[in-house]
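Just passing along the structure, written as C-alpha cells.
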Amino acid sequence: MEYELGFALRNAWLILAIPFLSFLLVGLLVRPLSEKAAGIIATLAVFASAAFAYAMAAEFLTLGAATGWKTFVPWSFEWLRFQERMAVHIGVLVDPISILLLVVVTTVSSLVHLYSLGYMHGEAGFGRYFTFLNLFTFSMLGLVTAPNLLQMFVCWELVGASSFCLIGFYFDRPSAVAASKKAFIVTRFADLGFLLGILILGYFGYQVAGEVGGTRQAFDFLFLTDPVVMGKLNAIGAGILGIPVLTLALCLVYMGGAGKSAMFPLHVWLPDAMEGPTPVSALIHAATMVVAGVYLVARLFPLFATSGDALLVVGYIGAFTALFAAVIACTQDDIKRVLAYSTLSQLGYMMFALGVASVEHPLGYTASMFHLFTHAFFKALLFLGAGSVIHAVHSNEIWRMGGLRRKMPVTHLTFAIATLAIAGIWPFAGFFSKDEVLAAALGSGHYGIFGIGLLVAGITAFYMSRIYFAAFWGGARTEGASHAHESPVIMLIPLVVLAVLSVVAGFFPIGEFVRFGAGHGAPHGINPAIAAAGTFAGVLGIGLAWAIYGSGGTARAEALARAFGGAYTVVRRKFYVDELYLFVTHKIIVRFVAAPIAWFDRAIVDGGVNLSAKGGRLFGFALGSLQTGQVQAYGSWFAGGAVLLVLVLWGLQ
Amino acid sequence: MNGQAASTVFFYVFAAVSVALAVATVISRRILRAAVALMGVLATSAAFYVMLDAEFLAGVQILVYVGGIVILLVYAVMLTRSSELIEDRPSGRRRGAALAVSTLFFVAAAGAFVASRFETLRPGALTVSGTTEIGRRLLDQGSTGYVLPFELISLLLLSVLIGGVVIARTNPDKGEDAK
Amino acid sequence: MGLLSWLILLPFLTALAIVFTPGTRKSLIKWIALAGTGTHLLLTAFTTWRYWTLAAPDMAEMRTARVMKLYLVERLPWFDSLGIQYFLGIDGISMAMVILTSIIIFTGVLASWKVEERAKEFFALLLLLVTGVFGVFLSFDLFLFLMFYEVAVLPMYLLIGVWGTGPKEYSAMKLTLMLLLGSALLIVGFLGLYSVSGLQTFDLTRLAEVSFPAGFQKWAFPAIFIGFGVLGALYPFHTWSPDGHASAPTAVSMLHAGVLMKLGGYGALRVAVYLLPEGAKDWGLFFMALTTINILYGAFGAITQKDLKYFTAYSSVSHCGFVLFGVAALNLMGMKGAVLQMFSHGVMTGLFFALIGMVYGRTHTRMIPEMGGLGKVMPWLAVCFYVGGLASLGLPGLSGFVAESHVFLGGFFGNPWGSMVAMRTLTVVATLSVVVTAVYVLRGLGRVFMGPVTDPHFHELKDATLTERISTGVLVATLAAVGLMPWLLIDLIEASIMPIVNRLHS
Amino acid sequence: MIEQLATMAPGPLHWLVLTALLFAIGTYGILTRRNAVGVLMAVELALNSGALNFVVFNRYVAPAGVDGQIMSIFVIAVAAAEVVVGMAIFVVLFRHRQTVDVTRMNRIRD
C-alpha cells in the first residue's frame, strides 16, 4: 500500500476486537456479577465500535478519492489453513460497501443497545440479552468486513446463531422457541446452498489459483473478483444439467443469501422471528442481518455480473418477493408482522435492484446499496417506534391501539417520518433510494420489474399508512391504548436520532463512491418522470389508506375484506406457504424419512445383529443340551469322536 | 479230531461263551447277575490265557480277578440298597448312541486288524518257561527288567489299600452333613 | 522408563492405588482418581511441550516425507522370536488423541463424582480402561496395539454390565461381541500383514517400508478398515453404539463415545490407509458411500429418538461417519478433517454424555418428552448443552465447524482414484446433514430446556455443582479453543498426516 | 459244522477280533450302565480284553519274551487298585446321595 493509512485503518482489527472482547467480558465475567453493568458495558462497547467505524469511514473517504476507492485488506491473519492456496484469513476488508455497512451496522446497533437499556429494563435475562446483542454485533461486523468467503460464512453462521438466541430470548414461550428454531433451520437450509457454493468456488478457485500462480488464496474476494480469475472461472463451462459451473455456484451462494434475506420461498422464518424482543427485530430482522444476503450478492457482484444468468435469478426472485410480501402486509393485524412483511418487500427491492444491474448498466448496484442504507434507518426507526407503542399498549395488535397520536407525541412524530420515508415521499430518505432503484430497473430495460417496483411502492405506502392510521389516529380502542403514555427518554433518543437520519440520509451522496465499474455509475440527478411516478404511487397508497382507515374505525376495512372474499383469506393466511412447509417437514420428512430410518435401524440392521446373536444362541443351546453333566454322555461323544478321527485319518492315508 | 482241531473248537466255543457272558454283563438289569456273568467272562479269559500258553497268567486271572475283584464287587453290591440292585433300563437314545459308538469302534478296530494282515504270523515255539521267565523279568534290575514298575505297582496297591479305607471310613461329621 | 510409558502407567498405578484403598472410603477413592487423572493432564501438557520442541524443526521436512517420524520412542524386545516389541512412540495424531483422552478422563472422573455403588471397583476399572486407551494411541507395534485394545474393551463390558442402566447385560454383551468381531477382523488383517511382509515384525514403521502386493491389499484393506470401522460405528456395524451408550454409566459413555470410537478412525488412517495405499485407492469410493449413509442415517435416526442417550448415540453415529468419510476421501484435507473431527467429536460427545448424566441425576428420566423448561431451572447445564449442540451442528467458532469444513472440502476435492462425479455427489449428499443435524439438535434441546417448565417438581432441582461446573467448563472451553484457534491443533497433526498422503501419491 | 470249524485254526486275527469285540461290549456297558457298580464291571470287561490283547501279541509277535504277559499282570494289578478305589468312592457316594445312579450324577453341569 503506497498510501499512508490513518490510525483507524492501521488498527482495523479493533473493529472486530472491541465487540468480541466486550462479548467475552460481558458474557463470562460481568453478567454473573451484575446484570445492569453488563448492559451498560455492552452498550458502551458498541458505541466505541461505532466511533471507530466512523473514524475508519472518515479515513477511507479521504483516502478513497486518491486511490480510486480501491479495495484493500489493512489487517488479516491466517486463521485456518486447509492446504496451500486454501488458507482462510481473518481480516478486515475495506471497500466502499463494507465501510457503508460498517457505518450502518454500528449506528443502528448502538442506538438499539441504547434503546434496549430502556426497553428491556427489569426483564429477566437482561445481561443475557446484551451478551447476545454484543455477539451479534461482533458477528455482523465480521461478516461485513470479511475478506474471504469463509470468514463471510463463519460470521454468517454466527449472526444466525445469535439471531436464534435472541428470537428465542423468551425461551419459556413455546411460540418463541418454535420461531427461533424455524429461523435457524430455514436459514440453515439456505446455508447449505451457500456451503455448496463455497465448495464449488473453492475447488475451481483452487484450480485457477494454481494456474495463475503466486500465493493467492482461493477463497479471497480480491482473488475471486479479479478479472483474470473471473474469466477463467467463466470459461470452465457446463457443470451439471448444462448449467455453467459459475452460474451454478453463484445460484447456490445466492440460495444462502436468499435464506438470510428471506427471499421467497425461504421467507417463512422472518415474520415468525418477530417473537423476539422488538429492539432485536429492529436491529437484526430489519436493519442489519437480513441485508446480509443483499450484501453477499453485492460483494460477489463482479462474479454475478460475469455470469449474468445468476443475476437474473436474483432479480426475478427479488421482484416477486417484493410484490408477494407487500400484498401480504396489507392484511396483517400484528404491527410487527406488517413491518416484517414490509422488510421482506424492501429486501426484494434491494435484490432486484442488484438483479437489474449489469456491467453496462451498473446503476442498480449503487441503488441497491443506497436503498439498503436508507432502509436500515427508517425500518429500524419503524421497529423501535412500534416497540415503543407495544411497550405502552402491551399488545402487538393494531386494532387494540388507536389514538396514540396525543399520548405519545415523540413516538408518533418519528413513526410518521418513517412512514413517509418508506412510502417514498420527498424529502425523506426513501424517496431518493426508491427513485434510484426504479431508475435502475427502467434504465436497464427491465420494464416488467420496473412495473412491479412501482406497484410495490404504492402498496407499501398503503399498508404503512394503514398501520400508522390504525395505531395513532381515531380513538383508543382498548383499555391499554387509553392508558398508554410516552416511553422513557432513553428510548426516545434513538428514535429521534433515527428520525433525523431518515430525513437526511437521502441527501448523502452515496453514488459518489459506491459504484461498480468506472464512469458508468456516476451520480445522477433525480429523473423527474420516475420521481413523479414514484411519488404518485406513494401518495395514492397513502390516500387510499386514509380513505379506508383514516376514520379510525374498522367498518370500511371489514367491508373491503368481505368484498375480496376468498382472495382476502388466502392472502391473510400468507398464501399458505407455512402450511405447505409444515406439511413437507413434519408429514413427509419426519414421517416418511426419519421415522422409517429409525425403525429400519432398530428392526432391520439391529434386527440382523440380534438375529445373528440369536442364531449363535440357538446353536449354543443346541450344543448346550449335550452338556448333560453325565460322564457317560461325554464318553459317548469322546469315544465316537476319537474313533471317527481315527477312521478319517486312516481314510486320508 | 486231533488235538489241534480240538483246541480250535474249544477256542470258538469259549469265544462264543465269553461274548455271550460279556453281553449279559452289560445288559443284565440285575447287578448281581451281571457280576456273576462278569465272573464267567473272566474265567473264560483264564482259559484263553491257557490256550495262549500263559498258564501263570491264567492262574493270576483266576486268583486275583475272579477271586478278588469280582468278590469285592459283589460285596459292594451287597452294601448298597436292594432297590439299587435292579437298575432302570437306560434311555433308548443312550443305548443307541452307545451301540453306535461301540459298533463303530469294533468296525474300526477289526478293519484295522484285517488290513494289517496279522494272519500271516504263526505262533513260534516258546523258548522259555513262561512262569520262570516272568518271575525273572519282574525282578530283573537290568535294562529289560521290570523291577521298577513292579515296585511302583506294589506302592500303588498299598496306597490304594490305605486310600480305600480312608475314603470309605464312616466319618461321623460327614454323616451328619449328609442328612 | 520413558515419558510415554509413564503416560500409560500413570492411570494403571492410580487404579492400583484405588485397589489398595478400603472400599468404604469412597471420597478418598474419588480424590485418588482425580489426583491421578489431574496429574495425567499435567503430564500430557508436558509431553505436548516436549513433542512440540522435538518435532517443530522437522515439520517442513515432513511435508514431503513418506515415512512417519516418531518421537520419544521406547523400544524393547518382547517376544523376540515372533518379532513382537514393546514399541511406543508419538506423532501429531497420537498426540492429539492423547490430549483428548486425558481431558475426557479427567472430566469423566469429575462427572462420576456421584457414583456411590461399588465406587472402588468402578474407578479402578475406569482407570484400567483408560490405561488401555493410552496404550493403543501410543503403541506402534501392531501386536501391542491389539493387546492394549483388548485391555480397553474388556473393562467396558464390566462397567456397562454392572453400573449401567436399562437392558445393560444385553447392551454390554452386544457391545463387547461386536467390538471383538472387529478385533477378530483386525487380527486376521494384522497377521496377513505380518506374514505377507516377510519381515517377521509387527513394527508399524517397518511394515510401512514394504509395498504389499496389490492382490493382498485388495482384501486386507477392507478387512482392516471394517475391523476398525466397527469401532468407529461404520454402517451397518454401528448398532452396538446406541444400545451400548444408552446403557453405559456416564463416564463410560464419555470415554467410549469420546475416545474409544475414535480408535476406529485412528486405526483406519494409521494402519489401513497408511500401510495399504493401493487397497485404499480401490476401496475409497466404496467406503465414502458407506460413510455417507452413516452421516445421514445417524442424523435422520436421531430426529425421532425419545431417549436423550439414544439421541446422542445416533448423533455420534452421524459424526463418526464424518471421521471415516474424511479418511476415505484420501486427501490431506479429508484426513485432517477426520482427525479434527475425532478430537472435536470426542470433546463434544464427552460433554453431551456428562450433561445427560447430570440431567438424569436430577430428573431421573432421560426421556425427552417428559422434560421441558429445564433451561430455567438449570441454566448452566442448558448453556453447556446448547454449546455442545451448536458445536455438533457445525457452528463456526466451535470445533465442529473446523472439522466438518475440512471433511466437506476433502470430499469435494476428491482424489484421482475414483470417479470425481461420484465423490462430489456423495459430498453434496453428506452436506445435507448440516440441516438435518440442526433439526434434531434444536428439536431435542428445545424440548428439554426451552418452553415452560412442564413438571412442578423440576422447580426444586438445582443447577450444576462445582465439580460439574469444572468438568463441563473444561470441555466447553476445549470446544471453543479449538473452534477459535484451530491452528493449535492443525499444526500439531498436519505434519503427521503428510506421510500418509505422500505414500498414497507415490 | 464242527469239522468245518476245526479246520479254521485261530490265527492272530481271530484273537484280535475277539478282544475287539469284548472291548466294544465293555465300551457299550460303560456308556449305558446306570449303576455305578455296573459301569465299573464294564470297565473291568474292557480292561480284561486289553490284557488279553497283550497276551495275544506276546504269543504271536514276540514269543521269545514274556513282556506282554508282564503287562497283563500290571493291568490286572491296576484293575484291582481301581476297583478298590472305585468301590470306596461308591460307598461314600451312596452314603451321601442314597444312589449310585450315574445318570443322576450331573452336578458337574451346573
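Each chain carries a letter (A, B, C and D) given by its place in the written order, and its residues are counted from 1.
The definition used in the following text is that contacts are C-beta pairs under 8 Å (C-beta built on N, C-alpha and C of every residue); 3 or more make two chains touch, one makes a residue touch a chain.
Quick caveat: nothing in here was measured; it's all calculated off a predicted structure.
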Set of chains whose contacts include both subunit D and subunit B: A
Chain separated most widely from subunit C, comparing mean CA positions: B
Distance from subunit B to subunit A - Cα centre to Cα centre, in angstrom: 101
Distance from the mean Cα position of subunit D to that of subunit C, given in whole angstrom: 64
Centre-to-centre distance between subunit C and subunit A (centres being mean Cα positions), rounded to whole Å: 36
Centre distance in Å when subunit A and subunit D are each reduced to the mean of their C-alpha atoms: 97
Numbers and ranges of subunit B residues touching at least 2 other chains: 94, 97-98, 101, 105
Subunit A: positions in contact with at least two other chains: 632, 636, 639
Residues of subunit C whose C-beta touches two or more other chains: none
Pairwise touch network: line, ring, star, complete, or other: other
Pairs of chains found to touch, sorted by chain label: A-B, A-C, A-D, B-D
Subunit A-touching residues of subunit B, taken from the complex the two chains share: 94, 97-98, 100-101, 104-105, 108, 112
Interface residues, subunit B side, partner subunit D - complex: 1, 4-6, 8-9, 11-12, 15, 18-19, 22-23, 25-27, 31, 34-35, 38, 41-42, 45, 48-49, 52-54, 56-57, 60-61, 64-65, 68-69, 72-73, 75-77, 79-81, 84, 87-88, 90, 94-95, 97-99, 101-103, 105-106, 109-110, 113-114, 118-119, 121-128, 130, 133-134, 137-138, 146, 149, 153, 156-157, 160-161, 163-165, 167-168, 170, 174-175, 178
Contact footprint of subunit A on subunit C as seen in their complex: 174, 177-178, 235-236, 238-240, 242-243, 297, 300-301, 303-305, 332-333, 336, 373, 375-376, 390, 393-397, 401-402, 405-406, 408-409, 412-413, 427-428, 431-432, 434-435, 438-439, 442-443, 446, 449-453, 486-487, 490
Parts of subunit A lying in touch with subunit D, wherever the complex brings them together: 627-632, 635-636, 639
In the complex, subunit A residues that touch subunit B: 632-633, 636, 639-640, 643-644, 646-647, 650
